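We just call them A, B and C in the order they show up, numbering each chain from 1.
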Amino acid sequence: MMRSARPALFAAAALAALAGTAAAQTKVGMITTLSGGGASLGVDTRDGFMLAIEQAGRDDIEVVIEDDERAPDRAVQIADRMIQSDRVDVLTGIVWSNLAMAVVPSGTAQGKFYLSTNAAPAQLAGRGCHPNYFAVSYQNDNLHEAAGAWANQAGYADTFIMAPNYPAGQDALTGFKRFYEGDLAGEVYTDLGQTDYAAQIAEIRASGADSVFFFLPGGMGISFLKQYADAGVDLPLIGPAFSFDQGILQAIGAAALGIRNTSQWSKDLDNEANRAFVAAFEAEYDRLPSLYAAQGFDTANLLLSALDKADIGDPEAFRAALREADFDSVRGDFTFAPNQHPVQDIYVREVIEEDGVFTNRIVGTAMEDRANAYVDDCTMTQ
Amino acid sequence: MSAALIAEQVLNGLQSGVMLFLMAAGLTLVFGVMGLINLAHGSLYMVGAFVAASVAAATGSFLLALAAALAGAALAGAVVERVVIRRLYDRDHLDQVLATFALILIFSEGTRWIFGSFPLYLDVPPWLSGPVELPGGILYPRYRLALIGAGLAVAAGLGLLIGRTRTGIRIRAGENDREMIAALGIDIARLYTLVFALGAGLAGLAGALVGTIQSVQVGMGEPVLILAFVTIVIGGIGSIRGALAGALLVGLTDTLGGIVLPRALLLVTDPATAAATGAALASMAIYALMAAILVWRPTGLFGARPA
Amino acid sequence: MITERVLTLGALAALGLVALAAHVADEPFTVTLATRAAIFALAAVGLNLALGLGGLVSLGHAVFFGLGGYAMGILAWHAQMYQPMRIGPLEIAGTQSMPAIWLVAVAVSGLAALLIGLLALRTAGVYFIMITLAFGQMFYFFAVSWPAYGGEDGLSIYVRNGFPGLNTLDPIQFFGLCFALLAAATGLVAGLRRAPFGLALNAARQAPERVRAAGIEPQRLRLAAFVVSGAITGLAGALFADLNRFVSPAMFSWQLSGEIMVFVILGGAGRLSGPVLGAAAFVAMEHWLGGIWEYWHILLGLLLLGVVLFARGGIAGLVTGRSHV
């Protein structure tokens, strides 16, 4: 039973046709979210990844792409199929931490490589780290830590913090508090998927805070920012990049202007690789790339760099080649910490309007060469 | 907590309650008149929001966008009623649940197919944006006040429509005795299409009004659908009055639960735990309320007693 | 005319043969798909008892599926971490033995069905649908926000739990286990239908007054059916968790309740063969449609709609030409 990528996924299909399945020596399985409310993140991940694969022009790589519908059991089923039936060498593409937790431990235990384009939960960075697991994006806490560090630099001393009540939300507030030195004017958990924040905005107004940190990814962030702007509260906001991503900024509109957010990448990051990436992405897909697209692009380039150096049939050598991270990251300097998560700078961006399009520009650096808090918990035998 | 803050939170609960009423009214009407459970009601809410966002982007007029949302969702409702729903009236609830579950799949992915995967932009018009100062020094968003007003106006209009007009008499007759209205020579098929389109239009209007301060994206209809079901079950299915009471009860419980529970827990535990546990309990509050009311009154607050 | 018995045995045999053929042809993923179908069918056997025979349209059966899943997840997690569970002064060691896990899953979900049933059965009709949905949402939100066992992240179990004498990591052996349980549950339900309990339950659905006149309280029959139904679906949940080596609150979601209901209706509500036919057809559709078009949910929706509108009695009805048992 052979299945190649979906016909709709032109890049993968074209590549498979070009390569002919017989010639493919390396098989990559991409599991990502391509339907439902979270589809924009998966679409960008896929497009960024496939752009790099296409640019490489290699005919010995086949990418199988499948939609996980953001459901953990779907993701597990697809991973099983890719491992058992498609016999892929590398898995990648998962957007959400809970799906990663469902797929990664058993995938790496079966000897497959997993390169994370986004989700990087603490469990997989600490005690659950694995020689075959590489997070190319960040460690989940990083952007929140950077927000805490930035709050100190900006002189905030009484911040109101807020996140949805689920593990990533709890990690977000913990991450913020790890480096933040001021007081907390309030600490609030909202419902996952909540759409109305009137009650929390009233609390923020009444709390006497001097600033607000929030982690509300996707649609939750859109709702909150529109309502916050409309409520006329003028406290400065700070948050991780997820609520200010290229894919959703247009939906927030002017309500996001001027807000500071932390990210390890930005469209205007000044390096050769990034300029080329942004131009190529725009030319190919006719829109600006998002953080997810950048992470997908870097992940594919890391994979390509390792394939140039080692044979994937020799896991030991291939692992070493991955660990060298010898590729031109769109983020500039990029190395791996001992637990195989990035060591990288994390920037502060500001939302601006440029030629009628809302986007971000870098205004400062929140943390330099940040690794992550779980390096010491990881006891990989190497 | 100051009195002003409590008052503001009550307003917030009221606002979410009246918007919920717009959703619940159509759902309860359709059930009362046609005996149909429509899981796809949330999809019509989504259709309203997407139509409004498209029209607002094309014309720049918010009022035109609202009118288009109402008309677009009503039209979508009428089409769906003609093609699918009318075949379900004499089926059991089981078939209705499955068929309208299938409609959700079609609507959601169809919308994504047409509009793409990225959320759309829809914002408060300048003349409704920003806060106003209420007595007692409360700063409250003008748009949310407008939502409360619009919701109450629609509720009153619906009350008049059903209580005072010919169409309303027919609708009420339909609730009580289907054979009778057929015997009276009323075109029952047209009446059903009309009721369904009316419910769909209200859902679409709610989608546009609420979508303006939330995120217009695929899947936005499902959470609100579940809330609307909770609402009509609490109020008593088929009862417009019940839908209004249920909507306000759910709106207030949902809003105030999230404020009160974490604070109450603060008395017995540390802030981080209180925040997390309180939020967990608050997210379950409306469902517990619904279960409690049903155990107490098995057909809801205003529902018809079984014989 | 094909009898229900032949159809049921045929459907089960076909499922078993597909798995065996795939095993021989070295297509382990097809075996996994067949296992998924068998587990979903088992969940549907549970719901079918309440829904088809008892007339209890439960839109909250994911509660039991999820509880079964978490029974597996929590027990195996404690065993994996070598941390006994502490409930007050009690210390309970975790376990990775399937029979023990199954017993707990059945007991916990049966108990939950008893409590939910006691409250929910005070209502009827559409109110019953909605109150079961509400209980499902309560469990879902609780599981998402309760941090002790992973919250929304769920729990990963690295090694599939064991069964004496078998290598459960071998897809075909694990399939065999799930298949045997499915066959046993189907047999149990077939027996119940013929027993006085099943006959009375069926009568209580069609003419409750007559049952009451015969001195039997219909509500007690329904409650008993609901408990057995929940326990069977809970067992399926434990197997599903073992198939994925993972549990998460998604197992409690109302979409999953909807899907279990889809299996039942697609196959033929109230039919003995319905759950197997429905679950197998759904898994096959999900698998093949996914490869056809990026927006394949539209096709799935159209197919389901077609079944409801034009094929009353589901697949079993189409095959036997009768829409009712």
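Just so we're on the same page, a contact is a pair of C-beta atoms (placed from the backbone, for glycine too) under 8 Å apart; a residue touches a chain by one contact, two chains touch by 3 or more.
This one's a predicted model, so the numbers in the text were calculated from it and none came from an experiment.
Participant: Touching subunit A and subunit C alike: which chains?
Facilitator: The shared contacts of subunit A and subunit C, listed by label, come to B.
Participant: Select the chain at the greatest separation from subunit C, using centres from the mean of Cα atoms.
Facilitator: A
Participant: Between subunit A and subunit B, what distance separates the C-alpha centroids? Give it in angstrom.
Facilitator: 35
Participant: I'd like the Å distance between the centres of subunit B and subunit C, where a centre is the mean of that chain's Cα atoms.
Facilitator: Taking the average C-alpha coordinate of subunit B and of subunit C, the gap between them is 32 Å.
Participant: Please set out, as single numbers or ranges, the residues of subunit B touching at least two other chains.
Facilitator: 108-109, 112, 276, 279-280, 283
Participant: Pull out every residue in subunit C that's touching 2 or more other chains.
Facilitator: In subunit C, 141, 144-145, 147, 295, 297 touch at least two other chains.
Participant: Going by the touch rule set out above, which residues of subunit A reach two or more other chains?
Facilitator: Where subunit A meets two or more other chains at a single residue, that happens at 34-35, 165, 170, 189, 191.
Participant: Touching subunit A in the complex: which residues of subunit C?
Facilitator: Checking each residue of subunit C against subunit A gives 27-30, 32-33, 36, 141, 144-145, 147, 150-154, 156, 158, 171, 240, 244-246, 248, 250-251, 290-295, 297.
Participant: In the complex of these two chains, what residues of subunit A are touching subunit C?
Facilitator: 1, 3, 6-9, 34-35, 66-67, 71-73, 76-77, 80-81, 84-85, 97-98, 101-102, 105-106, 109, 121, 123, 165-168, 170, 189, 191-192
Participant: Of all residues in subunit A, which touch subunit B in the complex?
Facilitator: It is residues 34-37, 39-40, 43, 165, 170, 173, 184, 187-191, 193, 195-196, 198-200, 202-203, 205-206, 218-220, 222-223, 226-227, 230-232, 247-248, 250-255 of subunit A that touch subunit B.
Participant: Can you check the complex and tell me which residues of subunit C touch subunit B?
Facilitator: Per the touch definition, subunit C meets subunit B at residues 51, 57, 59, 119-120, 122-127, 129-131, 133-135, 137-138, 141-142, 144-147, 254, 258, 261-262, 265-266, 269, 295-298, 300-305, 307-309, 312.
Participant: In their complex, what parts of subunit B are in touch with subunit C?
Facilitator: Going by the criterion above, the answer is residues 31, 37, 84, 87-88, 91, 93-95, 97-99, 101-106, 108-110, 112-113, 226, 229-230, 233, 237, 276, 279-280, 283-284, 287-288, 290-291, 294-295, 298-300, 303, 306.
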